[in-house]
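Next come the structures, one after another.
Same chain, two partners: subunit A is paired with subunit B first, then with subunit C.
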Partner chain A sequence: MSTPTRSSVPAATSESAVAPAFLSSAWRIYDLSLGQMLWSRRTVFMAFVVGGPVVVAVILRLLVTMDLVSGRGMVDGRPIIVDGPIIFGLMIWGFYLRLSVPLLGVFYGTALMADEVEDKTITYLFTRPVSRGAVLFGKYLAYLASTGLVVLPSVMLVFFLVVPLLGGDIGSNFPSLVTDLALLTVGLAVYGALFALIGAWFKRPLLTGLVFIFGWEPIVVVVPGYMKRLTVSYYLQGLVPHAMPQEGLVSTILSILQANEVLPSAAVSVIGLGLILVVGLGLATWLVERREYVLEQ
Partner chain B sequence: MTPIHDQSYRRYTGVRQEPGTAWLVIAATGIRTVLTKKFFWLVLLAAWGQFFVRAVMFYLSANFSNLDLLAPSVETFRQFFEIQEIFVLFVTVYVGSGLIANDRRSNALQIYLSKPLTRAEYVAGKLGTLLFFLLLVTLVPALMLLFLEMMFSASLAFVGANLFLLPAITLYALVEVLLSAFTMLALSSLSTSARYTAMLYAGVVLFTAAVFGIVNGITNSSSLAWLSFRANLDQIGDVIFRLQPRFESPWLLSVVVVALLIGLSVWVLERRVRGVEVVT
Partner chain C sequence: MSVPVVAADRVSKWYGQVIGLNDITVDVRPGVTGLLGPNGAGKSTFLKLITGQLKPSKGTIRVLGEPIWGNPGLYRRLGFCPEQDSFYERMTGLQWVTALVRLNGLSDTAATEAARQALDTVGLLDAADKKIGAYSKGMRQRVKLAQAVVHDPDVLVLDEPLAGMDPIARRKVIRLIKGWGREGKSVLVSSHILHEIESMTSTILLINNGRILAEGNIHQIRDLIDEHPHTVKIRADDPRRLAHAFIEHDGVRSLTFEEGAVVVETGKPDAFYGQLTQIAASGELGEVHEVSSPDDDLQAVFEYLVK
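This part shows the complex of A and B:
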């Protein structure tokens, strides 16, 4: 029986002991997950969520072209004029920030680990020489990339379809589009981090997520006191005025709301969202590192 | 040497059930399964929260004359259903999303349908499970509230003056739960993932509401309320409770949309719930 030579042992040990760094591991997982997220049946859901506003914008454009929508109306006996940029602001708030972003966050965020557990493939990931936290982080990056790649072009399309309507001007409103895109990216990142935490923490993450966005958030936002600070939408609302038309009644109402602390200032919003993002993702990573996943037989 | 277990042919010694009752087995099993989940009890408790609050309000108004403000009216019962809408969504998603999708995922549909069980019975059983829980958060508490009002006030005056409330509560609850249950079952039959089905349902309900909200904001008119899943129910609810319809769109159009959605769901279920996929 031969004994290992003195020179061969350290070489083998040094090769196997060097585990890939956290970021490079996360990048590998990102690379693997991005394709899975983009080319799956989920894309149908994503297309439905972000394609809907585009369809509405196309229909609206056709109606305006055929002079079936004038943008003039009466509210409480006062005449009001709705132009393209105002409609775009409405769509950003109603379709994207209040609906698509939370829905995509809940759908993908809660599924980051749950999918692997459900498909019983988590074992294959966890037996690789990468940290569990890197698996979650890589998947989170893939979620951001895949949703961003679909949501942001949809917003661009809606912008170019809607803003020129009823006397709107693309050039002067372009900065608001950039703000909107940034806002949506922040929304996707924060909701994704929060729901990644819920996905890592709860056994029934999807219902918990739905209760949070459609039960907790709408109720708590109108409750006086500090309760509304425990929502994401409160901080997102604080950034919305920059994405809305800067002149007219809307901005006046928003500035009054901000002055009375119904809406937070931009700085408070950024800090609040940053905190949720970091704490959410950090806790989710910590939980995944420590949790024992028992697969159902 | 005697065999440990005789696996040869044996006669069936059980009781033969009449045809058409097998759905009860599926429904009862489904109900029992859901009731074992602790989280669902929390959802149920939250859904009954409004009932407890209203019950206290009814008690106070019946016993303290200076609290007439809290006295029940037809609008109270209409509002009760409006607030319950969110719980109808949660219960539909929680109970309904996996009802057929999980069977499709584990290929249990073929096993079910290889038993003396028709496709209609299978769907009826699954529907029964969902309807049971949906009625538990809509019809049951509403009827109990009406009963409590009578008991607290020790008078039939309110019920007598609003006798239509009894059929109105029943009819509206049935319309609401049948629409939710059929739509969810149809979506569940389209997928093998309960999570995907749940998101699709929530997406449809909330997206159609958002579309209506935007269109309403742009045109200052609610004549396109029929576009929204929820607005149709609200419109029908107002008519059933003899209140002024809140939207400009004709309520009959909302009835047609609801009937079409249920019909479409039945058609999807008929196409998707099959034991063997036959490729022609």
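This part shows the complex of A and C:
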């Protein structure tokens, strides 16, 4: 039989009452989560999403090498020349900004906490002296790093495979690559923050997120009026022309897609995206701090 | 300032329409305290409230004099070993414990050193560099204990820490828990097996149907327990040889076989567990993999107590 050796214990000290530093805690969570995220079951999905454009680029390169694609054609009786940079611009718009980035955002952003809850490992993080908000923010940083580490190299591969085709020049187009990489990073950050909020708020966040990117955004963006301001892609669109060729087929296609709608200026786009990022992450943090996570027995 | 380790004041917890805990008022004092109750009694809910994972629907919970919900700083002084068998399976035991104790603010070097010490304490240092996914059930239980004690907390909350362990590991962990109690830590340990709790402490909280039925000295209910047969399931290499050895034990009332296991009903659980540990340690009758006790017998005792 053991006998208690103390009749009481000291009350919690002021040291224990002080919340640990938010950023320092978030950084340690990031460190712990990055490897888990990179080697999670979603990695296969991520590889598929960002591997697709690379495969397309390789096929395109083979076709051009074998002289099966010329890049010349006629539209409305006018000769059109499509070169490597134009194709790259189209791929950035079609494959990455409209598909890969929102998809990665929705699959990873909504799962920032859900994965730990599903795996029942959240207990280990929530019983350490770090705030729950720091857990969310650290995992958000890990999401940004892990998706960035896969998406950005994929874009660079596509750039070097596609841009030199059909008379394109890597050197003169390199600045646009840098802009595109920055734009994609912003896209990942903003979609991630928005879907982190949806993940913290909704019971079925994945479904809600998919409806948002495949239902709400594509429809609202082409409908005249103010509703499009409630999308991420509207503000990203405002930054795209700076990253893409200003003349040629791409600008023609964009002008058709944009249907006389005035795009937001770069400043409005940056402010809009910044607001979504800050409000999304702030609200997600606030919700996670207050929410109970009841694990399935 | 002297305060109870845990003070629950009229605490209730509902999960929708289901009541997890019902109007519990209890003070947990320093030392080792056993939380005893059958599965579904509310033990895990109570421990989750104490560790701030859940918020009371009604009432207040204070740990070391402070509310625990939304108070992460308090986890510097609290260690928790959860019941669930969940890990980052791809990490080694050392990586995992190190990563968790880094969240307490330790530097990389200090965290690694603390993790090594904790793994050594639970007897896992040799397996520190093995992936957790390759650990046996007993090793997984011990690595969970290591993460709970790695930051040297004042208060330890252990949810069914002996579940699934073999008899030798079980004896080691019981010794550890008693040792932590002697060192001055406050340990609250849950189990649905009276014998386990009794081997660690004489101070118990009896919980059933979300209510604390009794608190105090274990001997007061011990006599009641002894009137009821105790069921033990032993998974082993050779259950039939084990059964043959058990037949000679005068407390054994019945023996039945399941796949790879023998289920023993005994009226003298203390003596039986003693014999079982000796057999497992000698290895003469093959390896004993796992010992578990269905809580039917304990349920019967609780039904008896609440009559």
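Just so it is clear, the second predicted complex is superposed on the first by the 263 of 297 C-alpha atoms of A that agree within 3 Å, B and C clash if a C-alpha of one lies under 4 Å from a C-alpha of the other, contacts with A are read in each partner's own complex, and residues count from 1 in each chain.
In the analysis below, a contact is a pair of C-beta atoms (placed from the backbone, for glycine too) under 8 Å apart; a residue touches a chain by one contact, two chains touch by 3 or more.
All of these numbers come straight from a predicted model, not from anything done at the bench.
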First (subunit B), second (subunit C), both or neither touched by A:25: second
First (subunit B), second (subunit C), both or neither touched by A:294: second
Which superposed partner A:206 touches (first subunit B, second subunit C, both, neither): first
Touch count on subunit A, higher of subunit B and subunit C: C
Partner chain in contact with A:125 - subunit B first, subunit C second, else both or neither: second
Touched partner set for A:276, first subunit B, second subunit C, both or neither: neither
Partner chain(s) touched by A:113 [first = subunit B, second = subunit C, both, neither]: neither
Partner chain(s) touched by A:194 [first = subunit B, second = subunit C, both, neither]: neither
Touched partner set for A:48, first subunit B, second subunit C, both or neither: first
Subunit C residues within the subunit A interface of the complex: 1-5, 15, 29-32, 44, 51-55, 63-66, 70-80, 82, 84, 86-88, 90-91, 99-100, 102-105, 147, 154-155, 178, 181-184, 186, 200-203
Contacting residues of subunit A [partner subunit B, same complex]: 41-42, 45, 48-49, 52, 56, 60, 69, 71, 73-75, 80, 82, 87, 90-91, 94-95, 98-99, 103, 106-107, 110-111, 114, 118, 203-204, 206-207, 210-211, 214-215
Residues of subunit B touching subunit A in the complex: 39, 43, 86, 89-90, 93-94, 191, 193, 195-196, 198-200, 202-203, 206-207, 210-211, 213-215, 217-221
Complex interface listing, subunit A residues touching subunit C: 1-12, 15-20, 24-25, 28-29, 31-32, 35-36, 39, 119-121, 123-132, 289-290, 292-295, 297
